[in-house]
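Each of the two complexes below includes subunit A, the first together with subunit B, the second together with subunit C.
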Partner chain A sequence: MKKTGVAVKKVILDYPIALFVLLAVLFGVLFVPHFVSVYNMKNICLQLCDLLVIACGYTFVELNAGTDLSCTSILAVGSVVGAYVMVFLFPEAPLLGTVAGIVTILFVGAIFGAINGLAVVRLKMPSFIASMATMLIGAAFATWFASFALGKTSIGGLPQSFIVLGGSGNYFFVPIIIALCMWGLADFLLKRTKFGRDVYSVGTNPKAAHISGIKVKKTVFWMFMLCALFAAVESILLTARNQAGMSNLGSTMFLNIVSAVVIGGTSVSGGFGGVRQTFLGSLFIVLINNAMNLIGVEWYTIMLVQGLLILLATILDYMVKNSRYRVKKAVKEE
Partner chain B sequence: MKDAVLQLNGICKGFFGVQVLYDISLDLFEGEVLGLVGENGAGKSTLMNIVGGVLPSDAGTMKLGGREYKPQSPQTATQAGISFIHQELSLFTNMSVAENIYIDGYPTGLFGRVDKKKMYQEAGKYLEKYHVDVKNPGVQVGELPMGSRQMIEIIKALVKETKILIFDEPTTSLSNREKEILFETIGELKKNGISIIYISHILEDVLKLSDRISVLRDGHIIETKKAQEWSRESLIRDMVGRSLKQVYPTIEKTTGSKVLYSINHVSCAGLVKDVSIELHEGEILGVFGLMGAGRSELVRAAFGVDPMESGSVTIGGKEYARPTPSDCIQEGMAFITENRREEGLMMPKSVNDNIAMVMERNLTGKFGVIDSRKEQELTGNVIAAMGIKTADPKSQPVNSLSGGNQQKVVIGKWVATNPKIFIVDEPTRGIDVGAKYEIYKLLLKLAAEGAAILFISSEMEELMGMCDRILVMKDGSLAGSIEKAEFSQETLGRMAL
Partner chain C sequence: MKKKMLSVILAAVLMLNMAACGGQESGTSGETADTEESGSDSETADPADSTAVAAEDLTFGVTVSFITGYYSAMIDGINETAEEMGIEIVLLNAENDSTKQAQQMENLIAQQVDAIICNPEDSVAIAASVQKAMDAGIPVVMVDRIVDGATPSKQIINNSYDLAYQLVEEFSQSEDCANLEAPLKTLVMVGSMSDSYAVNCLNAMRDAIAAYPDTFELVAEIPGDWNQDTALKGLQNALSANDDIDLILTPSDMYLPCIQSALDQIGAWKQIGEEGHVMVLSMDGDSNGLQAIKDGYVEADAVIDAQVCGQWGVEYAYKILNGEEQEDGATIDLPGFIVTYQNFEEMAPKAYSYGDLT
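Presenting the complex of A and B:
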């Protein structure tokens, strides 16, 4: 009995958000009409896919106390350029077009990642500024490319083999599997590989990491690269879901991404957290959004609740950290 | 005889049970320069911090101008008329000369508007009075040479009607010409009735400049005499003259003839000048030098932490003109930094995480996956071998450990990779005697097993107890090399000063 108590305590210390997720589920089950239904469960899963992949990517830069404002621009640029490749360059070969589209979108992500990473590592730009520049350029490019170069706001007529990735009809499990694989990959990288250890070391104390022979610049570069590549994968999922390349894709998502990562429990000052926390954070954001949508509250109420929760999460993080030290101190003094 | 402006009476101070100052009594008279000399750690800075209100004293009283003086903070000290000119100047390089001079009390007009005209006028007057080579008070401080900056720092103090000026190593960053100007200014300040406490390692300057000189050693004032009655030799004798009181472990070891590591003609911008060192198998080679002599800068460049201007290092026969820490580690080196909180450890992370930091590079398999079972095993071994006292190595953050245990973690994370060459920079700073002994023992054991150790320290005693040979650095160059048979504090002191 005591053992389970300790285990529960440990889970709550490491994943304080778990408690909130449980409360959100409980709230949904008890008070929200239609919350418990096959249709809504499917919805929640798909909405989770829409957020989870990009939030996992963002976790990498957050672990280095950095930011990547451009990640939502990657969604938009990837979406329109990818759709263009599929619809206009390979109109006759849907399967080949799908592959080419996916590669193109990933390539778009890689370009963003490389620019952000090099600007931070080589030019020593704060990531906020570097990614703000790429965000603006990206958003402008996506709009120009779709509206002026092609004359449409959205590019429809994507090949069926691509749309499957969005989970239409009976294929709803496809994006879920992809999202879970990406999440698993991120977790594997962070927890099991040398690169992951380096991410935490550099995020905690870059000077000590440098002296310990860790290639700090390379590590930081790859954090931005991974963030961008994960965003590109999200772009693929969302474009397929919408069945069109859209120049405004994800334009309102940034706050949800940061909320998921921060509420999940990845430290804003770097070095602590991970994608397990981000999974719970994303799930939580999706649950409350879903529940409040079903109840029919206005969008500003959702914003208000989200803002309060970020505050609460930060305060909780601070308190948990302090109590963690206090517990350790008490142990030491005995 | 004029009146004493500042009187210290029986000042005592200790930190965490270590007594730093014992019953210090000192008088400072109006318009005199009092030189204060002593080794690193003799207590000079602590004493001046007490006078300047940075630290409270444990016991004793101070009188300023005949009245009780008990500064609560640096601000109250400044208000009472005591100003510091620090080693590192505290000027804002992005602001104008006048703004810097009035930084903590701008002349203001209506609604708190800064009266720029008045500020410039007043500042201009002072600049002229002390012949500072600045065209107008609107010039940015960043554009000025170090000498002028120092003068501005002094004027900043004078504006506040300072009666006592404390100089802490003011000449380290000045050219000879600038130094002359500074000394002329100090002469002028004296004439205006300002009293000066002058702290420096450059004994020639202290002898030339001071009216009286006090020697501080191990927290005691050894003697205060008129400057004419002192000589360079007598100053050094009083500064270092003490008996060895720490005990050092004895472990049989021999120094081999094989050179494991060499530093070849390394220079670093202004701090290290053409230094070459050869380090042999099984050798503990000490590097002694006063603060600012360039010892840490040298080894940091040699390990690739900071860039070197010219020169190279040879590790196990391979030459590196631009070493990186990663190269050095690959060749079997370890670097124990003097700054464990900022550069040695990830303070909020666990003992295990910290120890694993360096060894991980050897534990990666396919796709960079870390063999975590091996890692657990190795960290466990290190914790046991080093005797690190921790309740839960997996989750106890190192910032909750004692200083000695933290240092063991730093050394432990390096030992885990079995390096053959160690650079240790001030490995016993800020840790208690018991932990010191353990760290000495560990280093000797490593040397006995054939490792070569470059031991940097500012404590002579420690080096003499531990090393086979000691190199002395002064102003960025090697001033000499002393064999074990010839170790003495006097020789070391003479070479370093």
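Presenting the complex of A and C:
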């Protein structure tokens, strides 16, 4: 009996946000009109896709107590460059254009990831500074490219085969499957591979990791690379969802990305957490926004509530931290 | 450990469940949307039936791109009109994020509001959401900006290019520009380049300046990104590089505080007629802009009636729900006019912000 008690406690301590998600669902079901409708379930799934992939990517960086401010710029640069390739370079071949567009967007992500990673690993720049530089460069490039080089605020007319990725019409399951696959991939990398174990070791204590023979630099580089690549996949989904390449895509998303990761329970100081937590964190943010929209709450109230919840989650995180060690000890002693 | 696995499995099942719900429903959603549509059709298609929708039972969803003095006036127009008619308003702010706006549109559809009044952040990106709402039988009225790629019920548009061009052109014909010895050295303030309004204004100002080379000489364009801080710094730098600026053009009254501050620093925030006065032409016609004309600092302000825009949005949505004929077509232009310091007494009272002046 005591054994199960400890195990349950461990689950609650590992996923404290699960309780909040359940409460949010319960609240929605009981008090929010139209919350339980097929159409709204579809909405929630689609809106989860808007956040989940990039938040999963960000989790890698957060596990190293790092920051990647440039991830929203990757959304914008990927979006305008990818749309340019599809609309202007392959106007006659939509299918080929779609493939070329996707490859281009992933390539954009890889460039950002490589610059961020190298700046942090080789130049020993703090990730905040390195990614701030790439964020500014990216935002400037996206605006210049769309507004001045092409003279457009947004690049429409994307091929239908690409728009499907955003879940238009009856294809709404496409982005859901992509997002879940990316989430599964991230979880697999973190929990089932040597790379994943290295991530946690480096995030907890880089010196100790180095002494025990882990290639710290390589691991950190790949954390940034993965963050950027996941952001690139999100850029594909969001560009397809908006059906346009946009130079300001995701410009206000950063807050939600960090909230999803931190509310989920990945530690701000690195080494603890994962994409399972991020999944719950993202779901929670989507549920809160959705429920409050449905009730008809004004947007500033939504911001207020979100701010309070971040505060609450962080306090909870610190309170839980101590108990976590106690429970770990208890589990070990058995 | 077992429990931990269990929780993961449960979460996965939950997620799959949700996805499956969505999956099964792809067929039925079409049906429900259809029945809803036919339901509302039967209500609205037959005005002779005199089953006019009672305004008191209606809820309109509103999503705006972001909040400035201009859009606040539009929202006031929406709220006041709706309150008079007894319509309930759900107001959402997309905060310059078109993905967020798409989500808000979806949530408004899920909420089954009776009509949506949409001020899009991006004309192309909003198309899919507008189509979704129209497919679900919810009429959409676009306000201030158009949608590109879908057919809404009505578009009430702000023809910003024409108005900006008219502002500069009329000024070039005015007595202020008579007997110029050399062209006016002109600075142009720029909004966010990802915003169609800002781009239209910039293009109009460029074109008008190019059309009157004897009157204007474009010295610099100052990117402000709809951010007062960025605009102020850019303007300060431009003024220190060119100390003989004669004229500043701005696409929005929101930049007037920066213009005042930057000119103040070099001692050039002076009333019209004083030595060293720098001329200013602005747009929006909010209370800041008109106050500056009244106080004699700004030459002219192009007023787009934001409040009327909001008012029409609600009225047209109601008319559409009642199946009234739309004789004025699918797209109507918002009235715009120019208030100058010469015609202030005559024109300013027509502006939505006149009541706020001191």
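In this section, the second predicted complex is superposed on the first by the 317 of 334 C-alpha atoms of A that agree within 3 Å, B and C clash if a C-alpha of one lies under 4 Å from a C-alpha of the other, contacts with A are read in each partner's own complex, and residues count from 1 in each chain.
Just so it is clear, contacts are C-beta pairs under 8 Å (C-beta built on N, C-alpha and C of every residue); 3 or more make two chains touch, one makes a residue touch a chain.
Fair warning: this is a prediction, and the values are worked out from it, not measured in the lab.
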Three-chain arrangement built on subunit A, subunit B and subunit C clash or fit: fit
Which of subunit B and subunit C A:41 touches, first, second, both or neither: second
First, second, both or neither for A:299, with subunit B first and subunit C second: second
Contacts of A:311 with subunit B and subunit C, given as first, second, both or neither: neither
Superposed model, subunit A: greater residue contact from subunit B or subunit C: C
Angle at subunit A between subunit B and subunit C, C-alpha centres, nearest 10 degrees: 130
Touched partner set for A:212, first subunit B, second subunit C, both or neither: first
Touching partner for A:33 - first (subunit B), second (subunit C), both, neither: second
Closest approach of subunit C to subunit B (Cα atoms, Å): 9
Sites on subunit C touched by subunit A in the complex: 1-4, 7-8, 11, 15, 18-19, 21-26, 28-30, 32, 59, 88, 90-93, 95-100, 102-104, 106-112, 122-125, 127-128, 148-149, 192-196, 199
Complex contact set, residues of subunit A against subunit C: 4, 7-8, 10-11, 14-15, 18, 33-34, 37-47, 50, 143, 146-148, 153-156, 166, 168, 170, 172-173, 176, 180, 238, 241-244, 246-253, 276, 279-280, 289-290, 293-294, 296, 298-300
Touch list for subunit B against partner subunit A, complex: 303, 305, 325-326, 328-330, 335, 337, 342-349, 353, 356-358, 360-361, 363-364, 367-370, 372, 391-392, 395-397, 399-401, 413
Residue numbers on subunit A that touch subunit B, as the complex places them: 192-195, 197, 200-201, 204-205, 207-215, 271-272, 321, 324-325, 328-329, 331-332
